[in-house]
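See the structures that follow.
In the two complexes below, subunit A is the common chain; its partner is subunit B in one and subunit C in the other.
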Partner chain A sequence: MWRLYAFVVIAFLTLRASAAHAGDIAFSLSNMRGAAVSDAVVTVYPQDFGRAESFKFDWPLEVDQKNLQFAPFVLIVPVGSGVSFPNRDTVRHHVYSFSPAKPFELKLYSRDESRSVRFDKVGVVALGCNIHDNMVAFIKVVDTPYAAKADAAGLATVRGVPAGMVQVRIWHPYLKAPNNEIVRAVMVSASGVVREAVKLDTRAAPDRRGAY
Partner chain B sequence: MSRSALTGAVALAGGLILLLAGPAQAQVDLLSPGVFSGMIDARLSASDGETSWTDGGFGKTRYGGAGGGEIGRLQIASADIVWRPHLAWDLTAYVDAAAQPGQKHGVDLSEAFLLYKPLPRPDGLRYQARVGMLYPPVSMENDGPAWTPTRTITPSAINSWIGEEVKTLSAEVTIGRRWADQDMSLTSAVFMGDDTSGTLLSWRGWALHDVRSTAFGDFPIPQVPLEHKPVFATSQGPDSQSVDEIDGRPGYYLNAEWRTPAAITVNAFYYDNGGDRTTFVNRNWTWDTKFWNLGVRFTPDDRTEILAQAMTGRTVTGFNTPRGWRVDASFDAAYLMASRKLGPGLITGRVDAFDVRDATFQTLDDNAERGWAITADYKHPISDRLTWLVEALHVHSDHPSRAYVGLAQRQAQTTLQTALRLTF
Partner chain C sequence: MFRHLRTKLTVLYAGLFGVALLLVSLAVYTAISTNARGVVRGELLASGAAFDRIWAMRAGQLQTGAGLLSRDFGFREAVASRDEATIRSALENLRVRMDIDVAFIVGVDGQVIGGDPRALSTAGSQIMRAVDTEDAPSGVLVIGGTPYQTIAAPILSPTLVGWVVFATKLDKGEMTALERLSAIPLDAAVLGRNTSNGWTGPGGATALFGGAPPASFSKLVDKALAMKTPEPSDFSTPTGDALALVKPLKAIGDGPPGALVLSYPMARAMAPYEPLLVMIVLTGIAGIALLTGGSWMLARSVTRPIQALDEAAQRLQRGENAAVTVETGDEMGRLAESFNAMASEIRERERRITHLAMHDAETNLPNRLSLERAIETLAPQAAADGEVVVFATLGVDRFLHVRGAIGYTLAGALMSEVGSALQRLRPGDPIGRISNGIVGVAFRVRDLDEARRIAAHLQQALEGPVHLGKHTVDVTLTVGLAAFPEHADRPGVLINRATVAIDQARERNRKLNVFDAKAYRDPAAKLSLMSEMLGAIANGDMTIHLQPKYDLRQRRTTGVEALARWTHPDRGMVIPDEFIPLAEETGHIRTLTDHVVSLAIAQQAALAQADHAMAMSVNISGRLLSDPEFAEELLAITRSAVGEICLEITETAVIANPALALQMIDRFVSAGLKISIDDYGSGLSSLAYLKQIRAHELKIDKAFIIGMADSQRDALLVRSTIDLAHSLGLKVTAEGVETATAHALLGGMGCDLAQGYLIARPMPLEGLIAFLGRETQQPVKPVRLAATDGKAQK
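Presenting the complex of A and B:
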């Protein structure tokens, strides 16, 4: 009984603490013409943020191959995690990456075959399929639990960020910037939501049509 | 049966047997459901104007009118089964069996080749090889399953001609390199076959249609009174066998493509079938055909695509005379096309311009023409497997040799079509 009591007290205090000293940052991302930019990844690093304890996200760590496309187009993954690659098509896929963060190759024979790959370095992993040139996706391996991906409307909310000045990094595969990433400083208030509208200078997706 | 197609089929079958004779490996997959795909195109059309070239007339579109009256048609415009067996992870075959109404054979081969494509190297360098009967990399429109145009029902004049008269038995190598934001590649090939390329362009002129040449099929040449074709009266049959090898001499083509960081792709293609102008076999002449094609693709944003191609070339056949070669025609065509996503759909508009300039014997056998076309399409996805398209196509052309059969040399034609494409 005392254990349950202690748990409730600790949970209550933790909740209060986070409520009192943490806020949300709601990003609204658009390109230079004002159109929403989806699939951008926002990562937030609070001040004196050292190495994050192991953390999880609430989305599945999975890159599907379905209808000759990868889904999702961008996946945020905590460093050190495994990602599965289920083949939902009846055709074969030959998934590969030459990105320094994780070079690998997976031969996926047929429907429902799945393999897993561990991503143990922070960075961007560009995925391709050698059989279908137009299949493209990106895995963003991150070392902060404060991360979110922009939805179709260009909205991304990072929740429970400790109050104070924080460093914000915004990455998109087609962002015109060194390493396709820009860095901002944002002041997070002790409670409530900070709204950040950011203009991103993106280029059109590269021509990835294959002849065969 | 055509010699070239037979050679291609034998080479492909030989390759398959050699591979299968090796130790059975899990990577070989010949018959699982995943190696078969295909497309069926159900078409409703209404056309006015002259009789279509596909029915032996001079009409520029696939479906013609009745010389003044309108004709409506409902048909399966094409049905394709594509077999892509895996012989190894980096070696596949591609065989497209096509059924197209009005063709000599109910089912015929559209393309059949082996593709060797190893993984790119870590530094971004890649290479691939194709061997067999295939379309050279000219069309920027025909990027759908079974070489279908994906934005419109009817491809441009340029790619309609590629579809009917530029199919080769190639040994083709591509070397390319990808960087983060750009890609360059160089393709070169030697080929047999395609010796009749230029026949339709000279004697019929340009056309806009989605009929593809096949290994064993042929296309009708508009027939005119024999006094206009004295040399060819007995040596040239009424049909052109598009893929055939006649003179035993190889041709070649080259293509360079640059996908620039600025969302613009440019390519330059050169083709020379190396034809021996004076050879004929099975009542088909060898045409010596050379052409350049330049292509540009521009995507100013994620919803808009601009495509353009321009082609210029020359085709020559028959014996040389004091007044020049029997047929010596230069040809040019270009199109500009814009597509824009509209909700789930896609709207496309295209303008085509084309001409043939005849350098010899114009008073006897005038192969000149000038023309233009305008095309508008709307494409709407109904489900993952079902796509609906509707198209209006209007062609104007001035073709003097129509007068040989009592037609006005200037003709206009409109086709309204709707297609339901099922892919599987």
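Presenting the complex of A and C:
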């Protein structure tokens, strides 16, 4: 509960800081069967949105490796930021990405060892571990401060969006769409919350059992 | 259908056995083929299952290989970075290592990297569609018309960037391996469906169905695939029937499917049983041959006695010796025994019958028939030697008297004795009994004189006392002779003629007589006389003469009697006594009477024309009085008569059928005809009939009139008859008035009419007219017409 409170406070501050006339967009994301879709990334681009100056998100830019899993599964990162990859397992990991946005390779490193990578290109970076096929995570490198990630209930709220027509992009790693992303236009009022319920056609996560 | 019983039996047995054998063969064949089919079915199903296993195993192997490749870091990096050269080399490396036919990858955008780009033009989109529903699809992919077992494995790096596709050909080699797994040498092939030209497979696959043309071959596969569950089914192919199992093979994605065809020709399935079937057929043929031979032998042994009996029966029919040799003690043997007994009885009976037929039962002498046979054989021999056959009959004189005196038994014994004596005298010559008192013998002689001498000798030898037990009979014989062919043309006639010769001998008071043909009137001649008579009636040779009836009171002729006269062109005058009785016997009397009556009426008219009205009398035979048709005819004819017609009927005529005769007489009287009772007193003159017959006239028989001159009794009878007639209201005519004395007496007795030679003989019409003319001129001179003593005639 306190987290929710903290959220509200942060949002309020942000709105205050950026624009005098702004509203929130509350997205409710579900798949075709009506189930909540988590880990979708919503980015909003206001009409007169130019090249954004440096901005930050209030979540740590960090991808842990714990229990042979990446955490979080999806991490939204401002363009040009560095992300650290701390190993909290007792085994070694070999994190890599072949994504055009940022191909890199962090060769075998062990417990409590942290490596850091800078993402200076907007796009999606799929993370894998060469040793553990089951480990997968995505880093969404964005160039807009209006970004949010859907929680377990499929809810994502983007705050302080300037009023007027805005472009909304919704991305999910398993969305059946070009670049796994759909684009919508949403009218944002001067104040208050615009609620958008979006149905996402997602596919199941690929089978990654390493049985072979 | 069969001429012989043994053929019938043989054919029947062999036929039945053949049918049974055929049924057994059919059953065996059916069992074998069912069994063979079962084995083939089982093998096909087992091979089908084995193939499924192989298919799955291979899919697994491919999957493993593809999986390994897709997870290789370097490969993933190459794919992620679109390093085509590296990708191709990596694919080639693994393809060779794993002995895979085709390996390529499909990117998430459907682009194909690796392999032959032209052959794989549609493969990329097909794989894309397949992975839409499955992560790691597998199935048949047709590349260039050849079906490949194909799998696709996703490449995750770590997100999906494409799929590794491995495809391996299911060609002859693979299939040969599958074929080797089966217990039976079946044919296996995997076929791919090609939209353009139906089902095809790796080279030579269509040979599976005996090289059926692709169109019909494809049809067969489609038909088999239409079944819900794959079942081995029959295929007719140009090279024979085959049992085949067609299993569908899932296509990868929505591409054209594949099919596994396992086939086995039935001929090959049946081949191991061929020696067995051949053995059955050979055994069957041998069995039929044996059975036919056996049946033939058996039937022969059964039918041989029957055949012997059959032949014996035919011999019996021909009258030959019909004995059958008895061979066995079974039914056949007993039948043969019975047959022999029957045959000998039949022969014995036949012998007795023949004897009876040929012998006289009373005397046991050969009979007439026997003699005829003997003469029949004797005649040609005699003719060949220039001799004649003479038959001599020896008749015991007064045989009826003798028999009356000594009785039938001894009379028979007498004839037997005479016959035996005759046979002793003429040994070798056929003798026989002809009739009760006559025996006869036939012999060959040069001429009749010799025959006479022999006959005389026989007569002399046989006459004399014959001893019959205690009795002695003195036998005298009359002998008759007839020669063949002089007197007869047939043996029977010859014997008759010889018998007639005895009669002729007795008539002439002779002891021995040769048949006199001239004196013998043949019955056949009588019949020809009748036909001549009818001819005479037709051609006018049969005419009438008229005899006047003189009225004693009026002293003139008042009537005439019509009498038939026949002038034969060769024989001259034929007397009525000769043809009238014969006409009565043969029924021609009616024709004759009609003719006479017609002539009489015509001549009566002619007389009337000449101014001599005469009553006309005609004689009506008694036989015609029972013929109503004749009565009608007579009435019709006499209707045209110009004067009185008087029917002269003998009293005896009425006796035959009194009721009918009297009725007819009444009809005649009613029609105005006069009735005269003719020849009264000659027969059984009955007063009763005299009373009943409605007659107008009575004619006294000439016998009384002729006798009247000498016999007082006759005169008395005549007188009293005249009185009787007159008292009954009848006129009296005296016949046979030949003398003046009679004429005078009759006149004195009050007789009404006289008829006879004294008055006039019967004469033709012209003569009568002349006579009547003379009479008219000299009315009272009847006595002057001198009488003659000739035989009286009506």
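Quick note on the criterion: the second predicted complex is superposed on the first by the 190 of 212 C-alpha atoms of A that agree within 3 Å, B and C clash if a C-alpha of one lies under 4 Å from a C-alpha of the other, contacts with A are read in each partner's own complex, and residues count from 1 in each chain.
Convention: a contact is a pair of C-beta atoms (placed from the backbone, for glycine too) under 8 Å apart; a residue touches a chain by one contact, two chains touch by 3 or more.
These numbers were taken from a predicted model, which means no experiment stands behind them.
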Original post:
Are subunit B and subunit C a fit on subunit A, or do they clash, once the structures share the same frame?
Top reply: clash
Subject >> subunit B versus subunit C as contact partner of A:D120, first or second or both or neither >> reply: neither
Original post:
Taking the superposition as given, does A:V136 touch the first partner, subunit B, the second, subunit C, both, or neither?
Top reply: second
Original post:
Given the superposition on chain A, which partner contacts more residues in subunit A: subunit B or subunit C?
Top reply: B
Original post:
Of the two partner chains, subunit B (first) and subunit C (second), which one does A:K107 touch, if any: first, second, both, or neither?
Top reply: first
**OP:** Using the touch definition from the top, say if A:R33 reaches subunit B (first), subunit C (second), both or neither.
**Re:** first
**OP:** Tell me which partner A:N67 touches in the superposition: subunit B (first), subunit C (second), both or neither.
**Re:** first
Original post:
Between subunit B (first) and subunit C (second), which, if any, makes contact with A:D201: first, second, both or neither?
Top reply: neither
Original post:
Just subunit B (first), just subunit C (second), both, or neither: which does A:F98 touch?
Top reply: both
Subject >> Which of subunit B and subunit C A:D89 touches, first, second, both or neither >> reply: first
Original post:
subunit B: which of 149-157, 185-193, 239-247 or 401-409 bumps into subunit C?
Top reply: 185-193
**OP:** Return the residues of subunit A at which the contacts from subunit B and from subunit C coincide.
**Re:** 96, 98, 103, 128, 130, 206-207, 212
Original post:
For the complex, which residues does subunit C have touching subunit A?
Top reply: 64, 67-68, 71, 73, 76-77, 80-81, 135, 154, 156-161
Subject >> Complex contact set, residues of subunit A against subunit C >> reply: 96, 98-99, 103, 126-128, 130, 133, 135-136, 173, 206-208, 210, 212
Subject >> Residue numbers on subunit A that touch subunit B, as the complex places them >> reply: 33, 35, 67, 89-92, 94, 96, 98, 103, 105, 107, 109-111, 128, 130-131, 203-207, 209, 211-212
Subject >> Complex contacts: residues of subunit B adjacent to subunit A >> reply: 26-27, 29, 32-35, 37, 84, 86, 89-90, 92, 94, 115, 117-120, 122, 124, 130, 137, 143, 174, 181-183, 259, 261-263, 265, 297, 299-302, 384
